[in-house]
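These notes open a run of structures that come right after.
Both complexes below contain chain A, partnered by chain B and then by chain C.
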Partner chain A sequence: MKRLLTVAGIAFLLVAPLLTNNAFFQHLMIMVLFWTLLGASWNLLGGFAGQVSFGHATFLGIGAYTTMLFYLSLHWSPWLGMLAGGVLGALLALPIGLICFRLRGPYFSLATLAVAEIVRLVALNWEQLTAGPVGLLITTLPQVSIADHAINWESKIPFYYLAAGLTLFAIGLTYAVSRSRLGAYLTAVREDIDSAEATGIDTVRARVIALVLSAFVVGLAGGFYALYFRYIDPDAVFAISLSVEMVFIAVVGGLATTAGPIVGAIVLVTISEIFRDRFAAGHLIFYGLFMMLVIRYLPEGIWGQLRFLLSLERRR
Partner chain B sequence: MEIFAQSVVSGVLTGSLYAMIAIGLTIVFGVMRIINLAHGEMVMLGMFGAYWSYTLLGIDPFLSVVIWAPAMFAGGMLIHRFLLKDVIPKGELNTLLYTAGLSLLLANLALFFFTGDYRTLNLPYALMPARPFGIAVPIPLAIAFVMAIAITLGLYLLLSRTDVGRAIRATAQNPQSAALMGVNVLRIDMITFGLGTALAAAAGVLLVPSLYLYPTVGEILIVKCFVIVVLGGLGSVPGAIAGGILLGLVESLGAVYISVAYKDTIGFVLFLLVLLFRPSGLFGVGRS
Partner chain C sequence: MALLEVSGLCKDFGGLHAISDLSFQLQHGEILGLIGPNGAGKTTVFNLITGFIPPTSGEVLLEAQSLLGLKPSAVVKRGIARTFQIVKPFRNLSVLENVTLAAFLHEASRPRAEAKAMETLARVQLHNKSAVNAADLTLGEQKRLEIARALATQPKILFLDEPMGGLNPAEVENACGLVREIRQDGITIILVEHHMKAIMAISNRVIVLHNGIKIADGAPRDVVRNREVITAYLGKRAA
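Our next item is the complex of A and B:
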């Protein structure tokens, strides 16, 4: 059943863009993938290890700015820039992790919030590097050919497949981690950090590795954001609200589950994109409402509950 | 020297209002062990309440605090009774996320109904600052400062002299023992949450003549509030007062002597340093 769902999901992912020419639906699918990607990478640390970060927008912003700046000033290929964004995000995650993981529970969350605000303010004010609040703009993307076909960047299809590839990578990574020794360490940290340390687990190391992996993928996603929207400014990519939305996607879908962020992104992003047309930030009303309802009535998230109903897994 | 005195004065005045917001957050934490991320939205609601009662009914914000503080006290009790009470036993992190949801909900409902315009409230007597000893003192901020002191004193008397106050302090020290001594802990939780909300809203009402007003203003205020309570020690009322004044001073002096653009950053760096090296607060009174 589980395998069947996975295969069906991937098959749908591959053929989905052929089903519609409607630009809105294409955009919607890309956004669902993008947020699945972010939710899944946040879930690596926030779900599996129970370390609720309110600062993941930092890595998104670093990825976006790295990709943009390498392309605009050094003329690096944006694909290389995206990779560099992921690597820089992961490198930045090292000191952040070593500092913030000295704190526990809500204190950790507050510290990540503070770090994210510091980075946002630096990006806003370091105008020589980031152009400050004016932001950065890419007008044309370079020619790329696959099997002698030049890719048409004006269409949304290439971005769809790019997002799909990244999302599959993120979900595969979460699945691999959940099956690995690291995943077991992270669960131990989540359930009882003192007992985990007493059994000899280096909890700081485990959490830092989870954060670095998570930051790497979010950095890649930042690069994708820059290429897809072609415009970034500090308040767009370093905003607290972005970090919070990642948290919401993972929690509403189901913490510490591989498929949770997919469900969370489908539910929340579909609502938000439909309502975005009607009233600008109205969709966040639903984010807040869903978050409260889920924590109150479905603490395991929508997917966490569904998989019991579908009896994919025996109740613990 | 004049510049120094000027920034000390404005730092203390703003800091006193920060302190008032932070006291609300810190007593709620002290009693219930929850960090209320929606606290900034309570300030925002107070600000909007005062704004509308001034623009529509012509009631001076410094008078309408008498309406809005009790109204938000009742509102806070209702929020606790119907929204929070059943979530708090689910754990610290769940409550944190739940209040994050509440914060997003309230801020965006306000955005939906009031639009995202920046508003200001100009009081006729507030156009020119008073100038005692050659230092400019904005009149609305000075009145707000005096009223903040009065409200804080009132809270101090409530906590130290009344039965409810004793019950609140007992619950903060140890809920189980308090319950054994006959304190209705749930009722005290509800009253404390109401008090915290009322303090935040009252600070919002007092701040309206001096601050830009927009629906997401709570986001910035709550972050400042965290800085303050961590500086002073989470759960400590005197710590929140000292932390509030300290942050006000750091911001105003930092803006003058370091950089206007980075004045908020200084607060955050201080916050991180305290969180790392003195998690029980600068004065060592909080519980980490």
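Our next item is the complex of A and C:
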């Protein structure tokens, strides 16, 4: 059953953009993938290890700015820049983790929020490097050919497949971690941090590794954001609201599940578009109301509940 | 050479001297009972040695190597495992998973760690509950689970914090037998316990703490006759 779902999901992922020529729908599909990617990365740390970060936009911003700046100033290929964005995000996660993981529970969450604000303000004010609030713009992307076919960057299809590839990578990583010794250690950290230490688990190390992995993938996503929108500024990529949205995706989908972020992203992106369309100015009120209902009635998330109903997995 | 040597250990919480100048040695193969009235500092001694809280001053040597400044997980790797007075199993995980997590310390592959964990569970007679959630065990079973989890890290010394607290007489009997068996397997034991009959029966040696100060250290039957110990427990008139 699980394998069937996986195969069907990947098949749909491959043919989906061919089903419509409507650029808006294609954009929505890309956004679903983009948010799945972010939710899955956040879930690595927030879901499996139970360490709720409110500052993941930091890594998104670092990834976006790295890709942009390396392309604009050093003329690096954006693909290499994207990878560099992931690596820099992961490197930055190291000191952040070592500092913030001295704190537990809500204090950790507040520390991540503080760090994210510091990074945003630096990006906003370090104008020589980031151009501050003016932002950075790419007008054309370099030509890339696959099997002698030049890729048309004005179409959304290439970005769709790029996002799909990144998302599969993030979900594959989540799955691999959930099956590994690291995954077991993270679960122990979430369950009881004292017991985890008493069991010989270096809880700081386990959490830092999870954060670094998570930051790497979010950094890649940041690079994707820069290439897809071709314009970034600190309020677009370092915003608190981005960090919070990642939390929502993971919580609504189902914490510490591999498929949760997919469900979370599909539901939230769709609902957000419908509400925006229907209620215009007041749409966030309804979005908030929806969040409250999910948290009250589906505390394990939509996928968490479905999985139980379908008995895909014995309830833990 | 002593297996564990504690010298001049002190811990102040603000103005309170929780532990004052505590020194003792532990020889290989001993079962050492640590007793004292409530608030005497017994659990604090455990927390100081196992790295959960840093001492104000003093030294702790395991096989002549200092344990000070190590994180709890690093102390476990050196060979000291502990249980908690108020049990802290991973409540939403199965009994097997609880112990497997500990077995991972010396065994990276999951199948082998699980096999080790099953062996350890058999030793504490929990192997037929391996699939049950830890939260669904009785208190006595949870205490045994914590012992299994500690054993799975393959310790040289096992610190047991009230392994018999809250157990019924049959379970206490059972726990005494288990502690003796663990010692026979070559693991040295320190236990904090209020159950006097049990501690007198299984300890080779007893240390009595009162207000953070060691007031007696000797064979169980000598310690119970010690005037200072009787005063600490029952007041001056009884002595």
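The working rule: the second predicted complex is superposed on the first by the 301 of 316 C-alpha atoms of A that agree within 3 Å, B and C clash if a C-alpha of one lies under 4 Å from a C-alpha of the other, contacts with A are read in each partner's own complex, and residues count from 1 in each chain.
Everything that follows uses one rule, which is that a residue touches a chain if its C-beta (ideal position, glycine included) is under 8 Å from a C-beta of that chain, and two chains touch if they have at least 3 such contacts.
Note that the structure is predicted; figures quoted are calculated from it, not measured.
Judged by the touch definition given at the top, the superposed model places A:Ser109 against chain B, while chain C stays out of reach. In the superposition on chain A, A:Asp202 contacts chain C only, with no contact to chain B.
By the touch criterion defined above, A:Pro261 reaches neither chain B nor chain C. Of the two partner chains, chain C is the only one that A:Asp192 touches; chain B does not reach it. Of the two partner chains, chain C is the only one touched by A:Ala184; chain B is not.
Counted by residues of chain A touched, the larger count belongs to B, out of chain B and chain C. When the two complexes are superposed on chain A, none of the residues of chain A touches both chain B and chain C. If you check the complex, the residues on chain A that touch chain B are 50, 52, 54, 99, 102-103, 105-107, 109-111, 113-115, 117-118, 121-122, 124-125, 240, 244, 247-248, 251, 279-282, 284-285, 287-292, 295-296, 299.
The touching residues of chain A, when paired with chain C in their complex, are 181, 184-185, 187-188, 191-192, 194-204, 316.
Across the complex, chain A is touched by residues 50, 52, 71-74, 76-77, 81-82, 84, 88-94, 97, 100-102, 104-105, 108, 110, 133, 149-150, 153 of chain C. Against chain A, the residues of chain B that register as touching in their complex are 35, 83, 86-87, 90, 92-94, 96-98, 100-109, 111-112, 116, 219, 223, 226-227, 230, 261-262, 264-265, 268-269, 271-272, 275-276, 279, 288.
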